[in-house]
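Some structures to go through are shown next.
One chain, chain A, appears in both complexes that follow, with chain B as partner in the first and chain C in the second.
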Partner chain A sequence: MMIFLETVITGIVVGSLYSLVALGIVIIYKSTHVFNFAHGEILMLGSFVAWTSLVHFGIPIWLTVPIVLAFAILLGTAIEYLLMRPMVGQPILSMIIVTLGLGAFLTGAGNLWWGKEDYYLLPEIISREPITFAAMNLSRQHIVAFCLSLLFFAVFTLFFRYTKWGLEMQAVANDHQAARSTGISTKLVFALSWIIATIVAIAAGVLLGSMNGVTLDMSVIAIKAFPVIILGGLESISGVLIAGPLVGVLEYLAGRYLDPYVGGGAMDVAPFVILILILVIRPYGLFGLKRIERI
Partner chain B sequence: MLKVNNIEVVYNEVILVLRGVFLEVPDGKIVTLLGANGAGKSTLLKAVSGMLNTELGEVTDGFIEFNGMNITNCTPEEIVRKGVVQVLEGRRLFDYLTVEQNLKVSARARKGNYSAKKKLELVYELFPRMKRLRKNISGYCSGGEQQMVVIGRALMGDPDIMLLDEPSIGLSPLVTEEIFEVIKSIHREEKIDILLVEQNATMALDMADYGYIMENGRIVLDGKAATLKENEDIKEFYLGLSQVGEKKSYRDVKHYKRRKRWLG
Partner chain C sequence: MWRPCGVMDINYSQDITIFRTGLQKVSFLLLILIAYICPVIFFPENLLAMLILMVITIIPMQGLNIITGFCGQIALGQSAFMAVGGYAAAKLAVGLNVPFIVALPLSGLVAAGIGMIFGLPSLRVRGFYLALATIAAQFIIIWGIFHGGKFTGGIYGLQLPEASILGFVFDTDVRFYVLALTVLLSMSFLAKSIERSKLGRAFIAVRDNDLAAEVMGINVYQYKLLAFFMGSFYAGIAGALWAHYVTVVHPEQFSLMDSIWYLGFLVVGGLGSALGPIAGGVIFVGLKEILATITPIIGGMIPALTETISASLALMAYALVIMIFLIFEPRGVDHRIQLLKTYYRRWPFAK
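Right, the complex of A and B next:
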């Protein structure tokens, strides 16, 4: 019983890290209807910027935060200006393909500067000493990820529901042309959503990096976020918040109880089994929007 | 005062859609633009509102002027801030937002004393039904309600002139009449000029002060709405009236000749 409980709790906190990663993709999807395949790479690159600032140049953390923020704003604006702006009014699929290309480009860029070593260790921002709670060992980073995803969830839910910018983002996602006709600046909305998503990505990346080190292939975490996004529903922030821990728990339960029978690997496969099942049974996820169609 | 002076619109750098089009909407007037499908009416409206450039279209010659400002090839957001708002064809709502969110997101402060709250109240006053629906998801509203939301959304932009692209499309005659009444009262009470594109020529000419007829990317006829209504060609081609009692025949050369003159 104790083992079961520990597995579940570990699953929940690990899953909340998936939520955090998925959140960035959902924000871009919610505001532009573009599925960002480059999210993992943005996360990776941002983490390397944080590492370079903290370790390579030895800049203190209170100064690193604004540097990383500035980088996020720069990267988000550049993506909007160079890649998304020429695509306004084009089919959404073309934009999605552009993000695939962006991902490949960023991987290359990362390799150029940080390809020398296998992994780069971030200093202990949060202590690596696990917390012992009711005879269970939990990593502090995971708990921080859990709290951070709760905080982001609250902030962005309010942002999308009540602020003018949040509403404008949803309007643009809904219908680019109609949004422009009412005078919404699609450029601003695109830039804003890419900047916000980049900030969220880097936050997740730094957390992840402080656990396992910053590596070039940490971008694969975005692939782990896909089942979370599909389960939660593509444009639902609350969906992602719930689906992350759900996927995490299933992953860890599968790892604990199925692995002995199948000889390992169940842990990695379980989330994608969910992904396929969800796509078959409920394509719009748990909380996603059902397409409004007038007949 | 909106002035379209001899513009030429080219799509994709090769397809010439409009040529030598002129049009004027004087202050305090309703002007209607009639024409068959594909004549270029929507393209003209999009040229004015700046919506062309996302569709690979461009004004290559002539200019468009609004209250003395040159707005040719400006972006839609700049043009909206100058007081020109287009209501797109086909009720393009933000389906997933509620009615009230649809309105709120379209609020644009153009003058210092603008208040989004007051504007919202005004829209609810004009469309009492919308106040009851304000928490509903707009995608599930009926066609007539959606058209009202779209017009209300344009009003939130605090325009001086509204470009309406076929507001009666797909609506029953009764609802169409309601929509036209609202447009008239917007014109009267809010002092907003109207440029109306319509298929329903009878109603459009009844409401308008002045009319333009477009064919194949050109203005072929213009005049006071009352004069246009009496015009034999308009009667036959747009109002569906021909000389009473006479049978029409394809041997009737007159029909062909008259049509020919228009295409010149």
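Right, the complex of A and C next:
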């Protein structure tokens, strides 16, 4: 029973990291209707920038934050301006391939500068010492991720509901043309959502990097976050918040109880099996808009 | 296809023939002859290896062209289906001693069956969702191969012999090139035949408007699965060829990145045309070859990047080519060629 409980709690806190990663993809989808397959690579690149600033140049953390923010604004705007704006109105297939291509490009760019070593350790922003709680060991980073995803959830729910920009983003997502005719600058809104998503990605990336070091293949976490997004319903922030821990728990339970039968590694494949099952059983997820879509 | 003035189709069989005039037949035969003879006589080994790689890249792209180009479904697991074909070939050749000529289509069929299973989500979802489902297929298949124990050889992969037909062993690059080109030609003929028959027209109807297709009496579900079946069949054939060429199969030979490049360069070549996969494959492998020559030179000039440049430059160059094509010519090379042809035909009367 104790093992079960520990597995579940670990799953919940690890899953909240998935929520954090998924949040960035959902924000972009909500306002631009583009599924960003390059999110993991943006996360990876941002974490490398944070590492370079913190460790390589030894810049203190209060100065690193604005540097990383500036990088996020630059990258987000560049993606929107150079890649997404010319692609407006293209079929979904082109959007998929262009973001996949962007991901490959960013991986190449990251590898060019940081490909020499396997991993780069971030300084201990948060202590690596695990917290012992009722005889269970929980890593502090995971708990911070859990709190951070709760915080982001609150902030973005309020942002989308009450601020001018948030409402504009929703309006643009709802109807491009109508939003423009009411005087909303769609360009600004698109750029803004890419910038916000980039910032969220980098926050998740730095957290992840402080656990296992910054590596080139940390972008895989975005692929693991795909089932979370689908289960949450693609455009629902609260859905992602709930789906993340849910997928995390399923993943860890699979790892704990199925590994002996499949010869290990059940954790790696469980998210993808979950993804396919969700798509076949309930494609619009838990909280997604149930559209009557022609198949 | 261009034809001289006055050659008109007056019945359906004329409409679906591949070559309508004698000139087309002759020029095509000449092209095939050149493709067979030139490389065998004039090309050095390393160029032949590139041509073989081109052929083995074009075949899965033709399959992808059926799934994505004609039927409008997205498949990002093509290289995993290639892996299935490769492993099926290895199993058939080593364990069961099936002769190559039987094993090749059989491994295609095995891949086709697996592909159809992973095409099942296409019955419920499409667009981004389907892309995600096929990415999941890629991971599940490769995971299955890694954890297959003795059956798939796990991380060690499987060995298999060189291809041979009736005692004739395709052990040199020249011999294998002839074999691969023959397979490519038959697969191209199959693809063209699918395109011009009832099947291809049904696929196109499903792609353009599935609701209208259903109203016309096309069983949309059945045709979607059929598209996945055929597309994966191509991947399986290519995987089996590849396995017999390098005589070892390993799960790391078939990565998600390859699946992405196949789809990306199919768009570069031109979706939904017979020429598209061929142009895409030639550009992809050609670019690979060019990069392999120039990266050491660039790496030598910038000492700081020598270690990392080869992997990086390839990724960035492929991605750039795909992104530039998507932005400036989303209809691909094929469309450019058609424009050139029209220009040539109408010159000097129209632009």
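The definition used in the following text is that the second predicted complex is superposed on the first by the 284 of 295 C-alpha atoms of A that agree within 3 Å, B and C clash if a C-alpha of one lies under 4 Å from a C-alpha of the other, contacts with A are read in each partner's own complex, and residues count from 1 in each chain.
The definition used in the following text is that a residue touches a chain if its C-beta (ideal position, glycine included) is under 8 Å from a C-beta of that chain, and two chains touch if they have at least 3 such contacts.
Bear in mind the structure is a predicted one, so any value in this text is a computation, not a measurement.
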Per-residue contact with chain A, leading partner among chain C and chain B: C
First, second, both or neither for A:258, with chain B first and chain C second: neither
First (chain B), second (chain C), both or neither touched by A:55: neither
Touched partner set for A:267, first chain B, second chain C, both or neither: neither
Touched partner set for A:226, first chain B, second chain C, both or neither: second
Touching partner for A:176 - first (chain B), second (chain C), both, neither: first
Touching partner for A:108 - first (chain B), second (chain C), both, neither: second
First (chain B), second (chain C), both or neither touched by A:100: second
Overlap of chain C and chain B interfaces on chain A (superposed complexes): 294
Interfacial residue positions of chain A with respect to chain B in the complex: 88-89, 164, 167-168, 170-171, 174-185, 289, 292, 294
Interface residues, chain C side, partner chain A - complex: 68, 74, 76, 118, 120-121, 123-129, 131-133, 135-137, 139-140, 143-144, 146-147, 149, 210-211, 220, 257, 260, 263-264, 267, 271, 305, 307-309, 311-316, 318-320, 322-323, 326-327, 330
Chain C partner contacts - residues on chain A that touch it in the complex: 35, 37, 83, 86-87, 90, 92-94, 96-98, 100-105, 107-109, 111-113, 115-116, 223, 226-227, 230, 234, 262-265, 268-269, 272-273, 275-276, 279-280, 283, 293-295
Chain B - residues contacting chain A, complex: 49, 51, 54-56, 75-77, 79-81, 85-88, 92-97, 101-102, 104-108, 137, 139-140, 153-154, 156-157
